[in-house]
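In what follows, chain A forms one complex with chain B and a second complex with chain C.
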Partner chain A sequence: MGHHGHIEVTSTQPYNFSSRNRMIAMVMMVIGLVAIIAQFATHHEQTWANLLWNNFIFMGMALGATFFLAVQYVAEVGWSAVIKRPLEAMGQSLPVAGVIMILIIALGGKHLYHWMDGGITDPNAANYDEIIAGKSAYLNPVFFWVRVVLYFAIWTYFARLFRANSLRMDAGEGTPAYIKNRRYAAAFLVLFAITESTMSWDFIMSIETHWYSTLFGWYTFSGFFVTSLAALAFIVTYLKHKGYLPEVSEHHLHDIGKFMFAFSIFWTYLWFAQFMLIWYSNIPEEVTYFMLRQDHYRGIWLAAFFINFIAPFIILMSRDAKRKKYLVMFMSAIIFIGHWLDFYIMVVPGSMVIAGHHAAAHAAEGAAHGGQIFGSIGLMEIGTTIGFIGLFAYITQHFLSKSPLVVKNHPMMEESLHHAI
Partner chain B sequence: MSAAKHKKFVYGIFNDDDVVMHAIPALRSKGLRVKDVISPFPIHGLDDALGLERTRISITCFLYGMTGCSLALLMMYYMNIFDWPMDIGGKPSFAFYKNLPAFIPVTFESTVLCAAHGMVITFFLRSKLLPGVEPHVIHPRMADDHFVMAVQIDNDSEAANVEAQLRAAGAIETKK
Partner chain C sequence: MHKESELRPPLILGDKTWHDITEDVCRPVESKANKWWWLAFSVSLAAFLWWVIAVSYTVGTGLGVWGLNKTVGWAWDITNFVWWVGIGHAGTLISAILLLFRQKWRLSINRSAEAMTIFAVICAASFIVSHMGRPWVAYWPLPLPNQFGSLWVNFNSPLVWDVFAISTYFSVSLVFWYSGLIPDFAVIRDRATTKWRKRIYTILSFGWVGTAKNWQRFEEVSLVLAGLSTPLVLSVHSVVSMDFATSVVPGWHTTIFPPYFVAGAIFSGFAMVQTLLIIVRKVLTLEDYITIYHIDMMNRIILITGSIVGVAYLTEFFIAWYSGVEYEQYAFINRATGPYWWAYWSMMTCNVITPQLFWSKKLRESVFATFIISIFVNIGMWFERFVIIVTSLHRDYLPSSWTMYSPTWVEAGIFIGSLGLFFTCFLLFARVFPVIAMSELKTIVKSSSEGAKKKQSQTAKQETHA
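For the complex of A and B:
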């Protein structure tokens, strides 16, 4: 079984980003742009929520990959050495996601976050909100913007640093560059643990400013981390489909499949832990969050749960399933759709309530139906998502085509090539 | 291992897992029936090298898990819905499916309990590891730092030849 034979690294060439793939990614981005422009042109209430929702997934895929890469260094993992280049390439989307996120919140923050309404913390204002005023030590514009800029600065710095040191391994500085990356990875993981929690409060939980869940940081993490593992599985199986990465054996696929399976269960655990405690205790200030979703988004809310739990649980449970290239690829797409729906449920219902308030304040007919507006998933939303997938695909393929597909002089490479489970 | 009573084996004792891994294909190419290797730690690729069938313990795990899951749900249905309807979490629905979230933690624990214990007990029974059973120790250091390779033979006249070949392949000791 190749246990004792010497295996050579054959992926010494970079990925060939063909003009056809470039074209496909471009067309996807154009579709996204058209969908976004059409939403603005038709004053679609869900425009800003759509952008935040899709950009958050886009950012999460890059951030999750960088986190996974850092874990591989800190734990001195052997098997994953052959898949480090795809992980590095995925992380390079972070600065782009950061610029888009800052633009979305700078231009559309008032349509997304209740606490950003002017005068809401002013006791003399008509729309004064005592609960939000009590949270203003954390949720105030200055501190918020400092945090957002810091998040993307830190994540981008580390994503680029890991890649730079990895390229230095190629250049001949093998183990010393690896040890540098391991140290930086340890620092990154500490910063990630803090920024990931606060980031999920800032970007998503503060949409429904009155509501809070102490589990929210973990829950958000499990969601975008599974999405990034699914993206990794898709990229690796796609590269294998194209004849790249012959070093990635079914054993490596098995491990990637295990990660997708395990973190789907982990997501379910957190989803259920958050839901069950709130459902059981039935406290009005907490339970409104789920009442809104159960009453008006029941289909998507339940679909997200079933797609993200039942499907991977049943299909990815067996050892054979995790070793089949095209089944892993198919499941990565299913898991992406599931978490796409789950992030919709996290972002859109809350911002639609705010859109409803705004509509009620501006128009008489808005007040007529109690200022309630509910989101939906249609062509505009799917178009926006296609655009972000195109952007992610373009950046990832661009960086895959810049360096050999397998790291040279990686100290764990021999172990990774002989990986057998 | 009940077959060990009427099947005959010659055992080679090795002190290096790498030598064992090399010896398996080498001895097999000479026509020796290498049946099993006993190792104090898992050797990657050993099962493939020996051509062992995949264990069926994971199937039993699934079956025990399903048993635990159904038993727990049945128990809670009987206790909290059928026999003594409970107002759970201030929501007096008295319907099984509406109260299901409250039953999930117990169901999960019962599933894990039955799957884990079922698997361990099955493994013990299957391997004849019961209290009072005389252990079949081939070499005193086989659970310490030595590796035992079992080669099947049909009659005792083959033994000398097999022992010689085992030593040639790197065995430090042989045993009938």
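For the complex of A and C:
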């Protein structure tokens, strides 16, 4: 009490994006590209689903970071001022994720979304589907594309705006720029509340077009948000490992660890709520979703649940664990893998059903697979993921190297520097 | 000591000393009640008397006096049960989750919010017990061996989960509340001037002497209880929502229910805290402790949770259409345009539109506007439960059983009476318990009071001049 020990911001320099790290990120991207090309070359049925699955995680990490950043402003959080630059840098991947998403759906949408099949809403067509036709006021190409473009335009706009105002703080405009960001953050959160739900329906829920779940939007949020917290933990601990960010103490790591822990439990809560209610009521319209996963993807389905719940629950429970740099880094990797599997379970099984329909329709010797194809995780899938991680790492490091690693003149900085719990 | 940003307003107004806080908080306990208190207490007690009469009549005559002859007949009981349990969420959220988030402003309001929580859960439990018809066998929902006269409970039933969820929540909340009260009871004991006050508060304070060891254990217990309470805040209303959502009734079976019920519960709980505290701070002259900033912060929580509830309403409505299931679609069209349209639109207006007024800082900081809006939210959240329960049950799968619902005088009496019970308890609390956690509040006097903040900025100025 009463100590006036003055702590200075020492991270006045940007991160040095070394040529070695550039090379590593590029090699990862090349591995990803090779994996994707190999899948296309071998006419692998899972190619489009792989791309959607991995790009969704890539997008989700950037979007989750932008959401978390906005919450820091709106809730007037003190401790987090020293980790705002990593969050800002993470959000800058949004436009790239947007371009890739638009390319994936424009070129491969028919292989992913049942409702995009030609003639499916036409009562005279052979493949007419009455239920899908009933949804066409929402699920139609024009409205869909308007939404997709709007999502990325809105998110990118705010991610860039938060960063621009933060750089203005560096230039001396501390509190006014902070207050501006607080206003914009409130506006962003309102738009996020709407776009987050609808984009989850658009990108993932509409794959299995007949199926619906009111919780799906929030469940998807809990998944990508905890993934972005894991990515944040990894970036911060990596920067500390490299000797950057001396301002980030074990107290800050403790708080980041708490968020990873809490939102892992929150994800589990929503997982259980959605699963249990559908399992309990056992209504055919809904329960088919879990039957497909239980019957044909049981290993991955269960692994995702256990990795995402039990591992953080046991390992991150203690205070000490959350304060150890390398343990936090290790857990961020575990959580990433767990949610990588969970998003696989959300995206791939449904699109493989569509791939099965297409394969059956195209097969010369009749339905070779009986119309059923199931996904798997092999070298090509892992390669694709490595590519997306490389892309995310490249963009994030690029933006970390463009401005000092800690914001200057931030009105909460004193609180953050003296943060002790 | 944490350094506070200049952006943070003071949490205690004026240049208060520790002794001032003791005086201000103990005053109501140590002085006599005025005539307004007696008036309010008499009205509450009279309302509670109606509860006693209505419940006695129910037990003596049978549940037929509730007009029960099909499912929707239970609507009143369930609506009020869920409404009260929902209100009983703010207290533990404030003391547990806001503790984990290090929100210091909780310190002025947690005591009375927790008291409110406990009384609200008691009111909720009264609806469970009274609907049993034979309340003397109220222990039957517990998994007791058959020799006790009951049948082994069905663990597949969400109603049994409710028994566990609510009794656990009540026990932990009560222990949390009481353990926080111990040091404050000791203060009243040490200041007591009359024999009986001394005796009673000596028993209540469990021999607290305020040694370092006492405080160390106190803090450890608080943290453990906060850790236990946090999942409980989420689990109670999740389980209540599962009473509905595990069914196959359109409008009830929807996966968003658990988190959406929790958000609604926090929303209604904070509204009730506002309603009560705006009166309490005025009557007990605690405006320096429960400041406009406290009211503003609670209004922000009302705005956020109200918006979450709004998003959930729209999601349900949209997905009902999107599902393509005729029954789901009908349930929602019937809600908005059927015979109970007035209940639906009352709910939408009170819960979705009125909290949006809190985007205005002026209204967030207006005591009068806050009081009015908090009443609107209380009404809206009552209608939410009424809408969910009545509209889904009064027109179900079988058109021959379609009917309308309206309460009997007995049911009305039990509801009004439960309000009487709630206010009777709260008024007693405000007279004999310290309504602010004074011992804990004293920990922030030197960092967050107006006087301390003035001193800090003066020192900072001197440093820059030097």
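By our rule, the second predicted complex is superposed on the first by the 413 of 421 C-alpha atoms of A that agree within 3 Å, B and C clash if a C-alpha of one lies under 4 Å from a C-alpha of the other, contacts with A are read in each partner's own complex, and residues count from 1 in each chain.
To be clear about the criterion, a residue touches a chain if its C-beta (ideal position, glycine included) is under 8 Å from a C-beta of that chain, and two chains touch if they have at least 3 such contacts.
This one's a predicted model, so the numbers in the text were calculated from it and none came from an experiment.
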| item | value |
| --- | --- |
| Touched partner set for A:S281, first chain B, second chain C, both or neither | both |
| Which superposed partner A:I131 touches (first chain B, second chain C, both, neither) | second |
| Contacts of A:D122 with chain B and chain C, given as first, second, both or neither | neither |
| Residue contacts with chain A in the superposition, chain B compared against chain C | C |
| Which of chain B and chain C A:E415 touches, first, second, both or neither | second |
| Intersection of the chain A residues that touch chain B with those that touch chain C | 1-3, 276, 280-281, 418, 420-421 |
| Complex contact set, residues of chain B against chain A | 18, 21-22, 44-45, 48-49, 54, 58, 88-91, 101-102, 104-105 |
| Partner chain A, residues of chain C touching it in the complex | 1-8, 100, 102, 231, 234, 238, 242, 245-248, 253-259, 307-308, 311-312, 315-316, 319, 322-325, 446 |
| Residue ranges of chain A touching chain B (in the complex, touch as defined) | 1-4, 272, 275-276, 279-282, 319, 418, 420-421 |
| Contacting residues of chain A [partner chain C, same complex] | 1-3, 76, 78, 130-131, 134-135, 138, 175, 178, 190, 193-194, 197, 201, 210, 212-218, 258, 265, 269-270, 273-274, 276-278, 280-281, 283, 285, 411-412, 414-415, 417-421 |
